[in-house]
Each structure stands twice: as C-alpha cells, then as structure tokens.
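Before we start, here is the structure in question, set down as structure tokens.
Letters A, B and C mark the chains in the order given here, with residues in each chain numbered from 1 onward.
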Amino acid sequence: MVILEGRGVTRYFGGLAAVIDVDFLVEEGEVLGLIGPNGAGKTTLFNLISAALEPRSGSIKFRGKEITGLKPYQICRMGLARTFQTLKVFANMSAFDNVLLGASFGRRDSMAAAEAAKEAKALLEFVGLAEAATLPAKDLTFANQKKLEVARALSTQPELLLLDELMEGLNPTEVSRAMALVKRIQERGITVIMIEHVMRAIMNVCERIMVLHHGAKIAEGTPREISASKKVIEVYFGERADAGN
Amino acid sequence: MGFGRITSKNAFVAGLVLLILILLASAPLYASAYTVIVLTSVLMYVTIAVSWTLFSGPTGYISLASAAFFGAGIYTSAIIGRALPLPLVIVLGGLVSFCLALLVGALTLRLKGIYFVMFTFGLVELLLHFILWYEVNITGTTGRVVPSVANTTVFYILLMIFVILMVTVSFIRCSRYGLALQSIGENEEAASHSGVHVTALKIIIYAVSALFMGAAGSAMAARWTYIDPTIAFNPLISFMPVLMAIFGGIRPLYGPVIGAAIFTYLEQFLITRFPYYYMLIFGIIMVVAILYMPNGIIGLAQRIREKSLRKKYGDT
Amino acid sequence: MMVTILNIVISGLLLGGIYAVTAVGLSLQYGVARVLNIAHGEFIMLGAFITWSAFTLLGINPLISLVICGPVLFAVGYILYRTLFTRLRISSPTPGAFEGNSMLACFGLLFIIQNVAILIWGANIQGYTYLTFSVDFWGAKFAGNRLLTLGFALVICLVFYLFLAGSRLGKAIRAAAQDPDTAGLMGVKINQVLALCFGLGAMMAGLGGGMISMCYEIQPTMGLEYTMIALIVIVLGGLGSIPGSLIGGLVLGLIGSIVTYIEPGLALVAYYVIFMLLLLAKPTGILGK
C-alpha cells in the first residue's frame, strides 16, 4: 500500500532550484531514509510535503488524495506529522502542554479534554519524558527537547511521520536511544521518513534510502545498494577522492 | 493551566472575587456620585485592557486599534440614539466592532505580524478622517448629540460587560483554545503543523476582543452628551491598554485589571493636577516600563519575592 | 485641461517627493535598525516646527533651516538609538521581542514628543508664507515654494540613492539591512551603523518636515497622519527596499493628488484602500521579495 506519492515535485527560491522534478513512493509501514549533502533539498522536500511551502509544480498524494495546496493544519489532521530540524518546541509552555496541544488539535477526530490529557501523559512516557512533564520546554536538555517534538508529533495520531535530523547534535548513546525510539514508532504501525546525516542510524534503521543532490533524486535503494553505489560515493566523497590526485 | 481542578487556592480566589463584585455592585448605594463616575472609568479601562490582553497577550500580535473599536461602539450608539432600547444599542455597538475586527483580521492576520501592527496603527486615524469627511460632505452636520443616560445606569452596564468579559476570558484561557493561543505566540509554524487552524483562531479571538471594546464604547457614549469623530476616535485609548497590560503584566488574568485600576486613578490625578503634562508622563512611564519591567508590576513583584526566598533559604 | 493635469502632476510629485523622503527615513529605521518607529511623524513634526520657529522668530530662510534641522534631528535620532534602543536590543531575548519592544517604546516616544511640542509651541495650527510668488509654466501658475520644495525633495532622494549605491558607508548600510550578523562579522561596526541609520532616518524626517512647513500648514498633532502614510509607502515599495520607498512615495503622492482633485478630504482614505488592496494581492510590495 502506497501511503505517500510524489510526482515531478519542483520548488524554486528565486532563481535557485531547491527541488527539481522529484518522484517518490513511500510504502505503508516502512522506514525510508532521505540523505544527501547539505543543501540537497531534503528539508525543502519535507516542507513541501507538510505544506510549509508550496511547490511550483508537481503533485503529492497522501493515501491517494492530493495534498498540495492544503494548509499545514489540514495535512496534520489527515495523519501526516513532522519534526523540525531547528527545534520548534513551545519554549515557555510545559512539556505536558506541548504534547497536549497536539493531542487537542491535530487528530482526525477531536478528543475530550480528559482523554487528551491522558494521551499526552502516555506519550511523554513513551518517549521517556514522564518526569519532565511540568518543566517548561526551554529548560529541557537538547536531546529531551528533540524527544518532546517527537511526542508532540505523535500526539496528532499520525500515520506518516517525517523526522528531520532527529539525531543531529546527539552523542552516541543518545543516537542509539533515538534509533530504538524510531523502531518503536514503526512497531506502532507508523510509516517514517527520516532525514539524517548520521550514517549509522540510516544504515541500521532504514529499509530503503533515497538520495538527493542539488535538488534532484540521484539514487534509491536498500542500504546495501546505496552504500555500494558509485554515484552516491562520488557525491559524498567526490572532492576528497580527487584531492589525492 | 489545568482543566479546572478545584483547589483550596482557587476557592479562596473565587470567594475574594465574589466579595469584590458584591462591593462594586452595591457601590451606588453607599458611595458618592463622583466615586461612581470614577469607578465607571476604571471599569471602562479595565474592560479595554483585558479585551486587548485576551488576544495580544498570548499571541504577541500587538493591536493598536483599540481606539478604533471603542470609537466604533461610541459612534454606533450616537447614530442609533433613542431609536432602539439601550441594551440592544450596546449589543449592536459590540457587533459593529466585531465585524470591523473580522475585516481587519481577515486582511492582516494571514500575513506577518508587522502588517497587523501597521494596519491597526492607522485604523483610528482612518476612521476619524472618513467619518469626518462623510459628515462634512454627505450628512452636512459634524457631530451628534447623544441622549443622556443616568450615571448609575452606565455604571451597571459597564459592570455587566466587565463580568461577562471576565467569564469569557477565563473560559477561553482554560480551554484548549487558550493553549492554542499561547502556542501561536510561542511558535506559529509549529502550532499550525500540530493541527491548529491558526488564522481562523486569530481572527475570531481578535473579533471577540473587539466586541467587548465596542460594547464598552456604546455604553460610555451616553456619558458624553456630544460626540464628534475627534472625541470618539482618540489615539490615547489605543495607547492605554497596551501600557496597562505592560505595567500590570499580561500572564496572569488579574494583571491588566490591576494595571488599569492604577492607571485610571493616575489619570484622574494627573488630569486635575498637571493637565498639560499627562501625555508626557504616561509616555515616560511607558518607556521606563518597557526598559525595566518586561513582565510588568506582577513580574517585578515576583522577582522581589524570588530574591527574598533565595535569601531566606540560601543557595542550594 | 492641460493646465489642470499639469497642476495635478506637479502637486502629486511634490507630495510624492515629501512622502518619499520621509518614507526613506522610516525604511532606514525599520529595514536596517529594525525599529518600527511609529513616532516617525513626530520627528517630521519637529522638523516642521523648528523650521517654522527659525523663520518666524529669527527670520532665517527655511532652506537654510533645512541645513540646521537636518543635523539636529540626526543627532536626536542617533542619541536615542545609542541609549534607548541599544539597551532594548541587549535586554530583548529574541529579535522578534526587540521589534515588539522597540515599537512600543516608540509609542511612548510619540506621546512624549507630542506633549513637549504642545508645551513649546502651543496646540494651534501654524503656518508661514515663503516664496509664494508665481511661476509661469505653459500658461499655468505654480507657487514658487512648491516648485522649490519639489526640486529639493527630488535632489535629496537622488543624493541619498547615490550615497547608498556608491559610498562605502552606503554599502555597509545595505549589508546591515540584508544581514546584520554577517555584516558584523565582515568588519562592519554594526552598532555604529545601526545608530547611524536611525539617525539618518530621523534626519530625513526632519528634512521632510521642514519642506512640509514651507508649503502647508502645520500643527503639533500632525505627526500621526504622516507616520501612517510613511508606513503605507514602505509597504507599497516593499519592506526593506529603500529604492522601493522612493518609488512608492512618488506613486502615492500622485495618487493622493488625483484623489484630492476629485474629492478633497479622501486622500488618506484612498491611501488606506491601496494598503488594503496591497495586503490582499501583493503584500511584498512593488520591489519586495
């Protein structure tokens, strides 16, 4: 079952092409990795999917329904949630309130207040933030703020979750914990697309990987195929390989 | 925030509020006529300040159009006059301002906050000029005479508006919409991605805040027997609630109430003692408040309390 | 017919020139120094009254007054920035908070400056006559002072544009407008430049005010309207674009002149209608991104 489909997705910023004619297919239940050098257009693609930006051309379908042109809150309520590369927690609100907000507004069918509160509590436990529930989000550690964003995204009852550089800035222990969290999310039946630079995470957690470079898709396949692909190696290490000559 | 858990602290506050309300409601019976007039002014400023804070407090969108909505209420009352019973006039005044705010919101709240500030800033002057032009060119008369109403009646109407406002604001703040408003102020993009229909919520809450300002204006119109555009649309009315909210603090519900109460007395005092200087003094207070009291008097009190607690228990 | 059109155009360009000069000032303050100076009109008013005082009390030629009140207002703006706004910049947690706080501080300044002006000069309308001889142009008569002011406004705009485009300081200002942090890293003394820009903005306001006093009546409460107009012009021209403010000012002036001809008293309403249309269709303005 295809859960997300993109055809010819294109976005320009002024004269600069950020995403050029990208096609993609995401199967329900899988964990898809999205990699590429800095500036490849990965976050822009996320922004196009979550409707933070509008594509210049192309179509994006979620469960067969066209979602380009919708507003972010509508896409969220349809079952598509995301986290942000630059953390966007509600800094002066408690961790609990952060998650409660998502539970109160982001679900397809709205919940009663008491149920939403229960759901928020449960999700804080799921990500391991139960003790920090009453702390203002700005007082949480960096890694915990990342967990909070995940909890908030999950509170909107998503079927598809976009994770934008979840592991960025985490130490190796935290990375392992984050990888386990992604696995647990997948076990709940949620499809995941993750942008990452931490190769260990991508190779171990993702079933398939898509590679972007200068806005275009240059490769797609299993982790083994991608790590062996000459094209991908050139894109990531090309200059260094030449430097020896 | 919570969802309405009753604690002993809440019960105490509720009892205190009830007591104050009873005292206020019975004021005309035991207080002088002058006191009632001053209390009416206090209620007016408090209503405008709390209405302003309802929207601009949590979202951070600073509206400078309070005078426009208040003035619209005044003018609605002046135009309708005796044609309709007073309660209906008040409601209509509120509705006119409500619709005006819907228009302003629909135009500007889909865009960056700066456009909202700019647009609301000019709205007072715009309405003033337009109505002036209309009266000079179309109706031929400037200004209107308003049938006067007893001072105690105006007082009770404003008291009622104030009570309804406070109930409404409490309700909104404790509901999920209060949470949503806060989230808009913290990070609008994240709020939108979490399912909040940001634009619609902003517009509606803004319109609700304008409704109360308009109703208050309609009620106060009866105090001035003669209204013309320069009286009805006074930029100082846009300035005062902002100052009161900054001074009194915007986080707690009673913050603007305290700020407004202090300022009404200050204004009365200044107008009688230094009639030529009070704009200057208020301006200076505003600048000082922004520089040194970012959380208002409430914040200042909290900081002092925290300092004294630290001294008491030492550093851990 | 031709005469009427010429009249409208000249009035429009005159108005537009004044609008352009004052809007450029606001654009410098908001676009670069990030202060939405809603007291801008009060600086304009100060410029107008300083020029008026100089003429009526000391008999100083208004054109010479411009040379005086420009630097005076520059100093006022510069000092204000170095003291008040720098302090706010330091104490504000985010750039967004600084924009909000500085705007509110300007709100306070609005009332302070207006009250001070009323104390000094009284609350009444004032005016003076200067160069009201007529100039003949293709059969139409134009007031000399208006033509002179128009010329002055256009010269100021041109000089300023060249300054921005050509000089080193102008480049620093443009860099700071685009990205203050990076400009700072590139060796631009950012605090200095920001204060300079705010001061320049105040100076433009003062010059605009002086020019207004030569052609129109003035009053201590005149500021609000001019602030509104300057705000509309910088939105029309595109926020952050200084050339945009120049063009926007001229355009708005022409529109105002046409509307005043058709229905006097509705110019401000017309400006606001344009504002509303802009917000609906293209909020980024003529030259905005």
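We adopt the following convention: a contact is a pair of C-beta atoms (placed from the backbone, for glycine too) under 8 Å apart; a residue touches a chain by one contact, two chains touch by 3 or more.
Since the structure is predicted, the reported quantities are computational estimates derived from the model, not experimental observations.
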Original post:
Which chains contact both chain A and chain B?
Top reply: none
Original post:
In terms of C-beta pairs in contact, which two chains are most connected?
Top reply: B-C
Original post:
How many angstrom lie between the CA centroids of chain A and chain B, rounded to a whole number?
Top reply: 42
Original post:
Measuring from the mean C-alpha position of chain A to the mean C-alpha position of chain C, what distance in angstrom results?
Top reply: 47
Original post:
Could you state the distance in Å from the CA-based centre of chain B to that of chain C?
Top reply: 32
Original post:
Across the complex, what residues on chain B touch chain A?
Top reply: 1, 3, 176, 179-180, 182-183, 186-187, 189-198
**OP:** Mind listing the chain C positions that touch chain B in their complex?
**Re:** 36, 38, 84, 87-88, 91, 96, 99-101, 103-105, 107-116, 118-119, 224-225, 227-228, 231-232, 235, 239, 263, 265-266, 268-269, 272, 275-276, 279-280, 283
Original post:
In their shared complex, at which residues does chain B touch chain C?
Top reply: 60, 62, 64, 107-108, 111-112, 114-115, 117-119, 121-122, 125-126, 129-130, 132-133, 136-137, 235-236, 239, 242, 246, 276-277, 279-280, 282-287, 290-291, 294
Original post:
Of all residues in chain A, which touch chain B in the complex?
Top reply: 50, 52, 71-73, 76-77, 81-82, 84, 88-93, 97, 100-102, 104-107, 113-114, 116-117, 152-153, 155-156
